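Please find the structures below.
The same chain A turns up in both complexes below, where it pairs with chain B and then with chain C.
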Partner chain A sequence: MLVHSRRARRAVHAVFLALFLPVFALPFLVVAAASLATRWSGILPAGVTLDHYRAATGGDAIDALTTSLLTALAASALALVTGTWAALAAKGSRARRVVGLLFMLPVAVPSVVVGLSLLVAFSRPPLLLNGTSTIVVLAHAVLVTSFAHQAVSAALDRLDPAYEQAAASLGAGPVRVLLRVRLPLLLPSLSAAAGLCFALSMGELSATIMLYPPDWVPLPVKVFAATDRGALFSGAALAVVLMVTTFLVLLAVSRIRTRAVHR
Partner chain B sequence: MTTGIRFDGVSVAYGGDVVLDSLDLTVEPGEVMALLGPSGSGKTTALRAVAGFVRPVSGRVFIGDRDVTDLPPHRRGVGMVVQQYALFPHMRVDANVAFGLKARRAPKDGIAARVAEALEMTGMSAYARRYPRELSGGQQQRVAIARALAVRPGVLLLDEPLSALDARLRSDMLAELARLHRDLPDVSMLYVTHDQMEALTLADRIALMDRSRLQDCGTPQDLYRRPRTEFTASFVGTANLLPVTVTGDGVRFAGAVLDVPAGTAAPGAPATLCVRPHAIGLGEGPNALRGKVTEAQWRGATHRLCVDVAGHRVTADVGEPHGTPPLGTEVTLHFAARDAVLLPAAAAGAGGGAAHG
Partner chain C sequence: MADVRLPFPRVAAPARPRRFPGWVLVLPPVAALGVVFLHPLALVLWQSVSPDGGGHSFAAYGEVFAQAAFRDALRNTVLIAAGATAGSLALGFALALVIAFVPLPGGKALARFIDVFLSFPSFLITLALLFVYGTAGIANGLWTGTTGAAAGPFDFLHTPWGVLLAEITYFTPFVMRPLLAAFAQIDPAQLDVAASLGARVPRIVRQVILPEALPSLAAGGSLVLVMCLNEFGIVLFTGAKGVTTLPVLVYGKAILDGDYTGACVVAVVDIALSLALYGLYRTLTHRLDGARRARA
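For the complex of A and B:
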């Protein structure tokens, strides 16, 4: 929005904060406060302790965080490869819309259904994956591939064919054109898609809870377990750890993107 | 190594629309051929058929004596330069120029030297470590040309390479291209443009396209001095096109008999007389035309006068030293018989450009 006078700009900022703070920031502030609290005073947490964080950064909790990170990395890598591949393969063909809709289906149904269907599909040899970490990764990938596919498809549509044609006329075969020209030009969109997939996977709970084996417990499950048994403050500390970690990873990804755009 | 290009009855259609209609054209080895024509006449399509980005529905394309019709673009060995440059934005200038050499697996130790040579040739050596976005339009176009030349193609395809540049830069680049062609006498060039100046300046021969078809082909002088159709006359240079009737020993125009070689035209037949504006003089002389000045433009060295001769508009570029005649003045124009060309009358509805007043 183009706003020129300084007063008008201040007004716009004020309105933005008035809308943004209660909806986005306040819930997170409450969680952050709760993670440090010892008791409730009325509707607000009160008292200060670091005990919850000591619990949230040791032993079990760290294992869960690592599990979450590994799951999210694997799932977003899988989603990115699948989504990009599908977008490249279906480009300019009539299959494009159909493929897009297929990837979108898992997002449209409750995640529990996705978990359940994977459970049923992979419950028998030779496709026996129940009780493995693989099925958790698979579920996350299924849930987030649509976002990768959408982002890459849209970027491919905008990509000027002149680049790949210039490359081909210079003697580059399809593989070289893909690796040296198309993918580098898609890098900003790919990294944006990677960030989104990663964030979605870090927070996934409903499908995970149906599938996770005892030796592969992602952090959101821990958060849920803690709040479920009434340990709200510990749950809040775990949630803060989850948020901060995700935020740091997204920050790193967006730095890659900034570099890619500004070259 | 010399390589020409040959179109052998090449037709291209997009979903049933024929946009290139059985093109027959040969670009000799080392020749610069301009494909000149109005926008939408199928020039780019013809060029893309050589590069391999569009498949002809019929006909064959040859590069040298190799039939490339069924080869994918990366096996054709042509260099291509397009209007929007298409430099790879994520690579520095030197990497852009080296791209084709790497793609063709040139020996590693030779690549740097070839890149330096190509940048030298286009005067871009000082910019090797820049990214394309750090260059001006003219510089980007030079890099695009260097990139295409680095692989030493036998054939260079240029699609309106100068149309994104401003007028000044365009004429500089035109001179550069002419110099490049002198330095690389073996490279055949197919140069697509809608600008007759570029075609006249650069080309050994001009192929004139209109409405998906090749209309005419010849040297610039040939097309300019001896056009064969009204379209050629009006598209290559400017022309007065006057409707005349052939008589026994000349032509009749607006009641007057003009002394013009009628060639083989049958007496009584309608025809079109083509006279270039600069061939028309002010004052009495052979083939006098009388009329009123309706428009006058001062153009520095010359005046452009538009004179209404019996309802027909005649344009003359005259070097009148005593100022522009006022509008409405009765003037007499004349031209020499050898400066006039008699053309067959255009079929009704076809071939625009006749200067009916």
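For the complex of A and C:
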């Protein structure tokens, strides 16, 4: 306890809330309120309507949501497999530093540039992917692989080697040790990494906007298109749909995680 | 008796000789990364020195460097990133200090809220700010409502200040999370001892808490600096024609103008800037990690 007098503590808390609430809570409240409003030209929004949600859950918009979900699922799966594989294979080998560095690079490179590079590389034969959904998935996978790799290698470092040594000394082969000992022990960190990858991919805009074909429009692009043509309220409704979906998936993943930890 | 056979010994079986060295297993994921990330990056570099007419030259670099738009974008990118980093560090330090050392009811929930905040896309902040400070937003509505004026005074969203405000809002939690972890390591007794010896709050913060928090501040700050340099969604959503940053310039040149060589040149500059700062970040965190381990 840093501040002992009750009055001083109250003052500190007041200042804290005065900073925290407008800066962090207000954005969510405002977007949520706007998604229900017909007009907003005062302190409070005027007129309650569900029209924006009707628009945000029908036709185009629902396609965008499915697109985002599918992209996020595919990209997270790719990123988890590649990141985990690299972390497991590099563990204890001399290549570990190099592999770690290579897999951290996508974080340091601007996402827009990742998009541009895929555009430059796959707009020509032999791999002509420009204009397909595959290129969007690939971009997302590249961008989130670093997080998967980092989470898994950190978890591997903390893993007690006694378990796998015991299994190996009892005659289990490397594949069996991997499948029955290491991966189950890594399950909590794997699911945490999956949640993070999924959330990041759901909200990815920078690389997507460079690459998306007209028949594969993820939700963030849709939100941008709506606000760009001045339809702020439907943009807000779409954003709420995006946030709620991401949040629900994260919640489900953390449920799985707690169960995995308790087992 | 003689033909009693012992079961096959299961323990301490001799290790089979490995058919291939361990590092071979590393190759498939690295190859995958090479195809979808490293090779495309190399192509960007290659394209930046290959003008449309054929041949290879650095002419495109000279051309882009001579453009006022590029110089503006470079200056904007660096200034906004530096300002947003400084702002996030100050705000994040103050807020984390209160959550950790002047506990308030619901503080745990706040810390979890921060975790959720981190997983939302950045452009939501700009969208929200449009409703708060936009021409028909809350702040201006409040002003016109109380003073009767035709238009409110808040018109900074399309200027660098709007981008700065949005970035500080979005990136502060990235500073707070490592700070909260560092603050949890500080023994509260240390603070009590310092206080009982007569140190006042500012002095305790400066001499007891700040030295402990310095590594996390440095790491969080440089991470936020790199992320601010690369930020695209926030700048795009403000729709500010006057505020162009390097990533927005890459997008504009490639998608809106179809000038791939120019876009690649800007991209190369952007990559160099980000990588240099990211290298700095890694060195800092590595050194600090080493120092922490040495102390422990």
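The rule we apply is simple: the second predicted complex is superposed on the first by the 238 of 263 C-alpha atoms of A that agree within 3 Å, B and C clash if a C-alpha of one lies under 4 Å from a C-alpha of the other, contacts with A are read in each partner's own complex, and residues count from 1 in each chain.
Following the convention adopted for this analysis, a contact is a pair of C-beta atoms (placed from the backbone, for glycine too) under 8 Å apart; a residue touches a chain by one contact, two chains touch by 3 or more.
What you see is a predicted model; the values in this text were computed from it and never measured.
*Asks:* One more residue to check, A:T134. First (chain B), second (chain C), both or neither?
*Replies:* In the superposition, A:T134 contacts neither chain B nor chain C.
*Asks:* Just chain B (first), just chain C (second), both, or neither: which does A:T49 touch?
*Replies:* After superposing on A, A:T49 lies clear of both chain B and chain C.
*Asks:* Considering only touches as defined above, state whether A:T245 meets chain B (first), chain C (second), both or neither.
*Replies:* Neither partner.
*Asks:* For A:V12, select first, second, both or neither according to whether it touches chain B, chain C, the two together, or no partner.
*Replies:* second
*Asks:* Let me test your reading of the model: by the given contact rule, A:D228 touches which partner, first (chain B), second (chain C), both or neither?
*Replies:* So A:D228 only meets chain C here.
*Asks:* Just to be sure I read the superposition right, which of the two partners does A:D160 touch: chain B = first, chain C = second, or both, or neither?
*Replies:* first
*Asks:* Touching A:T57, do we find chain B (first), chain C (second), both, or neither?
*Replies:* A:T57: touches no partner chain.
*Asks:* Given the touch rule stated above, what does A:V181 touch, chain B (first), chain C (second), both, or neither?
*Replies:* So A:V181 only meets chain B here.
*Asks:* Going by the touch definition up top, name the partner, chain B or chain C, that contacts more of chain A.
*Replies:* Result: the larger residue contact count on chain A belongs to C.
*Asks:* Looking at the overlay, what does A:L119 touch: chain B (first), chain C (second), both, or neither?
*Replies:* second
*Asks:* Using the superposition on chain A as set up above, list the residues of chain A that contact both chain B and chain C.
*Replies:* Common interface on chain A, chain B vs chain C: 169-171.
*Asks:* Taking the touch rule as given, give the residues of chain A at its contact with chain B in the complex, in rising order.
*Replies:* 160, 162-163, 165-174, 176-177, 180-181, 184-185, 187, 260, 263
*Asks:* Across the complex, what residues on chain A touch chain C?
*Replies:* Checking each residue of chain A against chain C gives 1-4, 9, 12-13, 15-16, 19-20, 23-24, 26-28, 30-31, 33-34, 40-43, 82-83, 85-86, 89-90, 92-95, 99, 102-114, 116-122, 138, 141-142, 145, 169-171, 195-196, 199-200, 202-206, 209-210, 220, 223-224, 227-228, 232, 235-236, 239, 242-243, 246-247, 250.
*Asks:* Flag every residue of chain B that touches chain A in the complex, lowest number first.
*Replies:* 51-53, 72-80, 82, 84, 86-90, 99-100, 103-104, 131, 147-148, 151, 157
*Asks:* Under the definition above, what is the set of chain C residues touching chain A in their complex?
*Replies:* Within the complex, chain C touches chain A at residues 10-13, 22-23, 25-26, 28-30, 32-33, 36-41, 43-44, 47, 91, 94-95, 97-99, 101-104, 110, 113-114, 116-117, 119-125, 127-132, 134, 136-138, 141-142, 145, 169, 172-173, 188, 191-192, 195, 201, 204-205, 226, 229-230, 232-233, 236-237, 239, 246-248, 250-251, 254-255, 260, 263-264, 267, 270-271, 274-275, 278, 282.
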